[in-house]
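The following pair of complexes shares a single chain, subunit A, combined with subunit B in the former and subunit C in the latter.
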Partner chain A sequence: MRTLTLALLALAMMAGGCSSKVEYGDAQARETVTADFGSTDLQEIAGKMVDDLLSFDPVMKMTREQRPVVFVDRINNKTTEHIDTEAVTDSIQTRLIQSGKFRFVEPSKREQVRRELNYQNESGEVNPETATRMGNKIGADLMMYGNLAGITKRDDNTKDVYYKFTLKLLNLETGIIEWASEKEIRKTRSRSLFGL
Partner chain B sequence: MNGVTQVPANRILLLVTAVLLHGCASTSVFQAYPRQADNWKMALQNGRTEAALKKLERRSDSADRLLYLQERARLEQLTKRYDASLDTFKRVFDLYEQGDAEARFRVSEAGSGTASLLTNDNAIPYSGFAYERIFAHGFQALNYLARGDYQGAAVEWRRAALEQRVAEQQRAALIARAEERAREEGVDPRRYETHFSGLNTAASEVKSAINNAWVFYLSGAFREGRGEYNDARVDYKKALEMNPDSEMLRTDVQRVTAKMEGRIQDDRGLVVVSYEQGFVPPRREISIPIPTIHGYFAVAFPTYDPRDFTTARPLRVHAGGETRTTEALAPVGPMAARALKERLPAMLVRQALRASAKYAAQKRAHEQLGPFAAFTTQIYNLVSERADLRSWLTLPAHAQATRLRLPAGEHELELSAPGGGATVSVPVTAGATTFVRAVQPASELRVDVLPAQEETR
Partner chain C sequence: MKPLRAVLVAGTVTALAACSASNMVRQEPEPSGNAEQQQVLQSNNALLYNRLRIVDTRTREKNDLLQVQATLRNQWKFELDFQYRIKWFDADGFEINPDAQTWRQLVLPGSNEANVQGVAPNSKAESFEIWVRE
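And now, the complex of A and B:
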């Protein structure tokens, strides 16, 4: 009787306490832990945007002779979730740079760059011949911006989320939208009848 | 094998009680929650929150963690620990979302169901109320605002609106289901109406336990300040729907409509003063005789006593030759009363089942173990008969707000309420909204000026 109780207790402790483990997973694997915005959504959006942009005829023509300089504005998050939209634009930016067709400016680093150049040119500590000169920055030709809209519906048994990511490329000189694309995602989570 | 079947009933009872008292049961099973909450309320009143926060932290992993986390997040926010409060509210929302996603019949909940059958509703893990969840999103938006994160604040206002929509839709279905269950169990909630006349009086002061005009108003002002006039108008209109006599809200709807249609260019900015006054009244316990097959059994029920409810006292706001008084947009007490009232049918069913179970235990103890055991069981039944008095008690009694439109620049804002006053310096940006948050748990008025929004796009 006592051994049985002890064995049961030990079993319960094993089942309860020591069952967590860590595993490496495939970063590209489809993630469906919850219906919230997740890694798969991010990758699908970035993939679709880059494919669309690089296969768009006028853009292909535009990038044949030169590599346009792009400035990335923030993506407006209009959903009911806290989504790091910068992670999406970072992904898009990285793939576009890798394609060799576009170049980007980095507005968020301007202050640090200015400080470094001031140090190189004005502190007197840096050999003037090796100092990077100021006033040679290249201005952006295009601005990339967009929206992430979302509709969430929920009832007793299901949660339905819909995301629409819109990305646009604006010609800063002419004010013309040179390209736009959107990606829609819909996910539904249904509640199971029985669980732990 | 024989040994197993012959384990005496008192051993089992002892074991069950020990388990309940110790780990599985929540802390409110044998100590009424309002008594515990006095700690947090006192801490807010005298500003010494360290000890209370420590206590709350220790309980943040208990079965009632949702309740303690809500209290904790509010305490942290009102003592300007915005980052801590933000993280705590995130945990609160995770718990609510877990509740949304959970399977409808949970094995683990069946356990606390049996536990609650032998003790009281306090043994069921706290699952919150829609009105609390909506307040939590409103407060979280203010956390983001305090950090100057406007995208984050915008998300929270949208969440608050979403939760109100969802709760409104689910409400009817939940009530219908509870009533059907009551019919199945042969419990007629109307038979107990007379015992709940106080609760009914309190609940009748509001049309809904869910729609929160204060949250809608702040959300509207925030969106107006961002130039999202269409969204702002929707929010103001919702607030007006709940307070149809408010001249202030009517003017706000008109102004934002004019802005939307481009009829006015605003060179002034909006200063919105939110005023959270007092503490929401706690629930009270009443004893009601419930018929069982063995006769009447006195059971404890939660209710609200209208005498605990105070009328809203406005805050006077004066600046730039203009004086306004805050309007009570969300009476939290009546909202809580209404939320409780809507849960009554389900509670009545549980209490009827519990009365039977407890009576049966008493009878079995008498038959198997004699009069002393029966007496012990009876004492246990009496002691364990406690109403579920849990609710978020550091919420204000009245959530109020008003606004002034002032020219761009720094302004001295004078605030005065019975028992306390303050003068603060408020930055105003043309076309944008600055939030001033005044909180008065007891007599001391605490004022916080949140960072002004940037210039309208």
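And now, the complex of A and C:
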């Protein structure tokens, strides 16, 4: 009897050891699994950039008469990490569109758009009265671009990372940088005395 | 001047606070007279009540967008590390883009003040709430 109890106990412990659990979490909870670039940093940067731009008078004056059209260039990732900088610019772009103050063009979809317009206008399969006409695209007024720089230092017990995100808005006609903003982030990961 | 509603609501600040019956601090500066902000403080969380306060709120409308600045004071002698979020509401009291407003980080040294600022996501915003959590 005692052997059976021990066997059942051991089986239960093994089964418990193999169990897994999936839980939904707060997407905006502070993420500190590692000191590497994470979701909290992305949200911080996007929030700061949008707030800065929407409160910068010279640019906002441009939005009074018409909504400027913006072209988003890539963010240069100068850190040693693999970071999807497009996720940052996507967040910024989404919030600027929702502000109702800016419009954006999508350079990465030009080929697909051209293919669809060729189909509508040249295939003979689409009623010409309903076909979207070519040659009416609106050119961008401003170009958004920037850099993400990082400095990482470490010793046996500590890892210190510093990120600096810089975003600029260039007037394509005049070549003038109309707006720029920076966001700095510092994170330190320390190993505790007993490695816990 | 649009009617303003500024509320500071603190979520879970410490594990200890989470164990208390309720952990909400509410500060409601109400507009009165000549746009002066009257500070009304209600709290049923003594821990947070003693550590974090709104000492000033300012608002202005620029380029059709409501801007807010709240001065938070850490009344504790040690550093407070928390997140804050500004919720924006339209004239009907509907929150604007509830999922789009992100929690921002703030580390406030002991016995120190910091100004947190926010710009409304669009021109429909007429009031706001500031929420904080650990």
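Note that the second predicted complex is superposed on the first by the 177 of 196 C-alpha atoms of A that agree within 3 Å, B and C clash if a C-alpha of one lies under 4 Å from a C-alpha of the other, contacts with A are read in each partner's own complex, and residues count from 1 in each chain.
Criterion: a residue touches a chain if its C-beta (ideal position, glycine included) is under 8 Å from a C-beta of that chain, and two chains touch if they have at least 3 such contacts.
Quantities reported herein were computed from a predicted structural model and do not represent experimental measurements.
In the superposition on chain A, A:63 contacts subunit C only, with no contact to subunit B. When the two structures are aligned on the shared chain, A:100 is found in touch with subunit C, with no touch to subunit B.
In the superposition on chain A, A:189 contacts subunit B only, with no contact to subunit C.
In the superposition on chain A, contact of A:81 is made with subunit B only, not with subunit C. Judged by the touch definition given at the top, the superposed model places A:154 against subunit B, while subunit C stays out of reach.
Applying the stated contact rule after C-alpha superposition, one finds that A:34 touches subunit B and leaves subunit C untouched.
Applying the stated contact rule after C-alpha superposition, one finds that A:181 touches neither subunit B nor subunit C.
When both complexes are overlaid on chain A, the residue A:46 reaches subunit C alone and has no touch with subunit B. Looking at the complex, you find that subunit C touches subunit A at residues 62-63, 65, 67, 83, 97, 100, 102-105, 117-119, 121-123. By the touch criterion given at the top, residues 3-4, 97, 100-108, 151-152, 154-155, 158-159, 162, 166, 169-170, 173 of subunit B touch subunit A in their complex. Here subunit A touches subunit C in the complex through residues 28-30, 40, 43-44, 46-48, 50-51, 54-55, 57, 60-61, 63-64, 94-95, 98-101, going by the rule given at the top.
Those residues of subunit A whose C-beta lies close enough to touch subunit B in the complex are 1, 34, 76-82, 152, 154-157, 159, 189, 191-196.
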